[in-house]
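Same chain, two partners: chain A is paired with chain B first, then with chain C.
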Partner chain A sequence: MSGTMLYQPGKTFLHRADARAKIAAIIVVLVVALTTTRIDVLVALTAVVVIGLAVLARITPASYAKALLLIIPLVLLLTLLQSLVQGGPALATIGGVSLSRAGVLLGLGIGMRLFAMGICFYGFSVTTSPSDIALALHKVGVPYKFAYLTSFAFRFLPLLQDEARTLLTAMAVRGSAESSSRHPLRRGRAIVRMLFPMLAGSMKRSSDIALSMELRGYSLPGPRTFYRTTSFRTGDALLVVGVVLLAAALLVMQWQLPAPFTEGA
Partner chain B sequence: MTSPALAVTGLTVRYEGAERRALDEVGLVVAPGEILGILGPTGAGKSTLLQCLSGVIPHHEDNAAMRGEIEVFGRPLGDFAGLSEITETVGLVMQDPEVQLVNTVVREELVWGMENRGIPVPEIEKRLRRATDLFDIGGLLDRFTHALSGGEKQRVVVASVFCLSPRIMLLDEPTSELDPAGTEGVMDAIRVLADEGVTVIVVEHKIEELAVYADRLVAMRAGRIEAAGTPREVLMGPAAPDRPQVLDIALRLRERGHWDAELPLSVPAAVAGWQAMTHDPQSDRNHS
Partner chain C sequence: MNHLDTVIEIDGVEHTYGGGAKALAGVDLTIGRGEFVAIIGRNGSGKTTLAKHFNGLLRPTNPGGTVRLHTRDGRTVDTRGTRLHHLAATVGYVFQNPDRQIFHDTCREELEYGPRNIGADPETLAREVSETMELVGLEGREDTNPIHLSRGERQRLAIASTLVMGCDVAVIDEPTTGQDRAESRKILDSLAHHHALGRTVVIISHDMALVAEYATRVIAMRKGRVLTDGTPAEVFSQREVLQETNIRPPQAAVLAAELGLPGVLTVDDAVREMSAVLTRTHSGPAPLPHDDKVC
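And now, the complex of A and B:
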């Protein structure tokens, strides 16, 4: 992954698409992902998302591969747990412990679900300007003051990253071997140690930010103007229709085709 | 008679648990269109004074007890409905630019305050053009705010407050992260604003800049105003917290009998003084 899930300006179809269309597409993907645990359907869904991002936004798997690698231990853990708690025929027996076939499939299905949703969110955040997200939410009826907070969160994510980096560097230059260690446990200890000063700094900063926002009229009750405008075009409608059709096809696939890797399948 | 832009009487502030007053019976009158520079060491009360003048104390800071009178164009600050109404007249630029950049892209940052105030889009565009020209930030408009350098952030923050067209601008160390060229650019912009009638109060440690650009200076120490007057009066007086280096050099040269011209507050003035002293009328006659 390129480091962050922050917006990267571009001129692709997805970059130009209305944020409302992209939010609708995400919701459709989430509905499909959350309504099935069938691994074949989820693999197909993930493939659709990956190909969709490559074609419509020129986002290749290489740009989010690192993030996916981070999810793999979680998926393996989930699969192991499910294989131990689920019943049914065993896929394998290791040291007298049976690993359920249904559990393994369920764990892998949940993993694919995480992949599909994560890649989808990644694609959305790197192709959509935070202010467009706020504007889209406002257009669908969310009061601007709340809609703006989504944009605000994207602004302060890099600020927190910078602060964390500064604190870790400050610890390293004062002789803390943990803060520059590549060992995940040692590094984890440094991060835990860093959390309190980071939290304290964030609390102090949040008061200044609130003041700064108030000084520029954030809390004014009067009507607001919008410098940027968005419009829902034919291409946006086609995006939503296309995603809905693909989702329908996946659901039909779930109902019509027998589940794979089952007895007699 | 026109009211002063700001009139302060007996302003006293004490922070909760503090041993001494942050401001102690401060009195001040600032004329419309004036650039007032505030000097003083750390802890002198400069930032607290700006916070009082902008209404941040008492409206936002609840750990400070304040008494005294502040009038903005003849209207007591206490008569304003709240911070939002005060900011229609008084714009404050705080020290840390990082906490004042609340949008992801510079263009959005500049227009955000105007959108909040419901300013029509054509007027927003007009002010945006003016701000980008005045603060030389045209090339930054599509950049991410988190990716700007410290100096660029400061210029964007000052410009975003300028876009709100306040009649009074309070600037707390607006050039602390700027290089000499950037500092000169911001100070030039401040001069332009003052010439157009905007009152500017600027807290700065760069004495050389204030000496050149400010109409008047105020020197503060331990919450009190120790001296006020023209830059020359304040910087030559005993209460000056520091002096421009060039003035110090000229004073030493004068002690040794090598400087007869007017004492300079800036390098160009020193060069002019030096040229005047070394000018040989005989050589001029020979050349002509």
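And now, the complex of A and C:
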């Protein structure tokens, strides 16, 4: 994890776009990603998301490549499991165990699905400030308390990252090679060791913050005012329409084109 | 100080943070083996940034700046080219907030963590853990979950988990923040015991009375540079210089200086010096005028 998951102020189209439009766009991408397991459609979807972020928010793949690398072991594991449990023709047979072609395709497809969704969420959190998220959710009818909670979760991320960094440093200062190891398993052990104190610390901190918010009048009945404003502009509408059209194109692609790498293809 | 006595050697170190703030603007100093050093200065003067250079938590940002550690086995290590955990056996560091450095379910495991990492002898580790728990006044709490300790006890546990490693230098960032006088004393007393074993202790503190009482050397920082450096008596006698960084020497020292009694730092010193003066005036040839009235 790096600090880059957090909101980074900017002036690009996606930074200026209304958070409601961005949430709508994410929902469309999620629907496409979750309704298909066709690898060609999912690769195209991922490509659309990558290009979209590069063009509309100037976010290059380099900025999230590290996070994607963390997902790769999970994708490989999924592919292996699917190739063992799915039936159909074998792609390869190793030591008497046959790896199903359909299973491999399914595993890789799920991997692409994770990539597309992950990159999409990354783009959203990097271009949308927590206050805008709260305001947008409130505007679409979510009660303020819940809207604020959501934005608070985003605000809490940097605090958690800071806490995690300090704990890992505290381990290194006491001679632990694990906490700065490049070996994923060894580093993983340090992270597991760190989780409990980090969660305990976060709970303590959240309860302090909750009390402090209440002491300053949070959740009092009556109308509340907002400092920030948001307006749904033509550009925002175009963003939603554009994403819906792309999604439609992908669905057409799924119906019209035969599935790739199948026996008949 | 000859080369063998030096444990940390800092040359021309500057440090600029990512946001452009220059926290150290050229620091040269050496820390000797067996010193009890207190770094003082107002907030933002560069105290913590300097201390974090002692074990490679931060590295100089100027190419010419170097921080070298002289280890017990005679090696000289440049922190710039060495990973943090390799420096852990030489310089230990205790952060301000104990809750961000305690991550085990029992105090014993917490104390064993560091020594195990640096290859401590398992035969003697149990004894060292008990001794260190005793040193910080937590004896008998070995199997307690740190969650159930008070804030001051957790602070002492965090300090103990570094002291037990037997590092040449233990750096403790604001060990007494938020503690009452009794708890602060317990903390400083454990550090004094550790110091008495021949180890070097470096603290960052705003409590001038405790600094005057425990430290053997005081380094005052201002705007990323060393403002003055010397024994507590030398540093606290420079009242004009210290005023530049809003530091007021301990009250006992100020009072004694006003009364013309140099070298007084603590209330105990002041009582001793004043008793001596009073004894002299009572038994001397020229008693004070009001003494005549009493007689």
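To be clear about the criterion, the second predicted complex is superposed on the first by the 252 of 265 C-alpha atoms of A that agree within 3 Å, B and C clash if a C-alpha of one lies under 4 Å from a C-alpha of the other, contacts with A are read in each partner's own complex, and residues count from 1 in each chain.
The working rule: a residue touches a chain if its C-beta (ideal position, glycine included) is under 8 Å from a C-beta of that chain, and two chains touch if they have at least 3 such contacts.
Quantities reported herein were computed from a predicted structural model and do not represent experimental measurements.
Participant: Identify the partner contact of A:158: answer first if only chain B is touched, second if only chain C is, both if each is, neither if none is.
Facilitator: In the superposition, A:158 touches chain B alone.
Participant: In the overlay, answer first, second, both or neither for which of chain B and chain C A:217 touches.
Facilitator: In the superposition, A:217 contacts chain B only.
Participant: Under the stated touch criterion, name the partner, chain B or chain C, that contacts more residues in chain A.
Facilitator: Counted on chain A, the partner with more touching residues turns out to be B.
Participant: Does chain B (first) or chain C (second) touch A:7, or do both, or does neither?
Facilitator: first
Participant: Check the residue A:130 against both partner chains and state whether it touches chain B (first), chain C (second), both, or neither.
Facilitator: first
Participant: For A:176, using the defined touch cut-off, is the partner it touches chain B, chain C, both, or neither? Pick first, second, both or neither.
Facilitator: Once the two structures are laid over each other on A, A:176 reaches chain C alone.
Participant: Looking at A:103 after the superposition, I want to know if it touches chain B, chain C, both of them or none. Which is it: first, second, both, neither?
Facilitator: Touch partners of A:103: none, neither chain B nor chain C.
Participant: Could you look at A:225 and tell me whether it touches chain B, chain C, both or neither (first, second, both, neither)?
Facilitator: first
Participant: Quick one: which bits of chain C touch chain A in the complex? Just the residue numbers, please.
Facilitator: Against chain A, chain C makes touches at 55, 57, 83-85, 88-89, 92-93, 95, 97, 99-103, 113-114, 117-118, 147, 161-162, 165.
Participant: Within the complex, which stretch of chain A touches chain B?
Facilitator: Residues 6-7, 9, 129-131, 151-152, 154-155, 158-159, 162, 205, 208-209, 211-220, 222-228.
Participant: For a test of understanding, state which residues of chain A touch chain C in their complex under the given definition.
Facilitator: Within the complex, chain A contacts chain C at residues 163, 166-167, 169-177, 179-180, 193-194, 196-197, 200-201, 204.
Participant: Note which residues of chain B are touching chain A in the complex, please.
Facilitator: Residue positions touching the partner: 54, 56, 60, 83-84, 87, 91-92, 94, 96, 98-105, 108, 111-121, 124, 142, 144-146, 160-161, 164.
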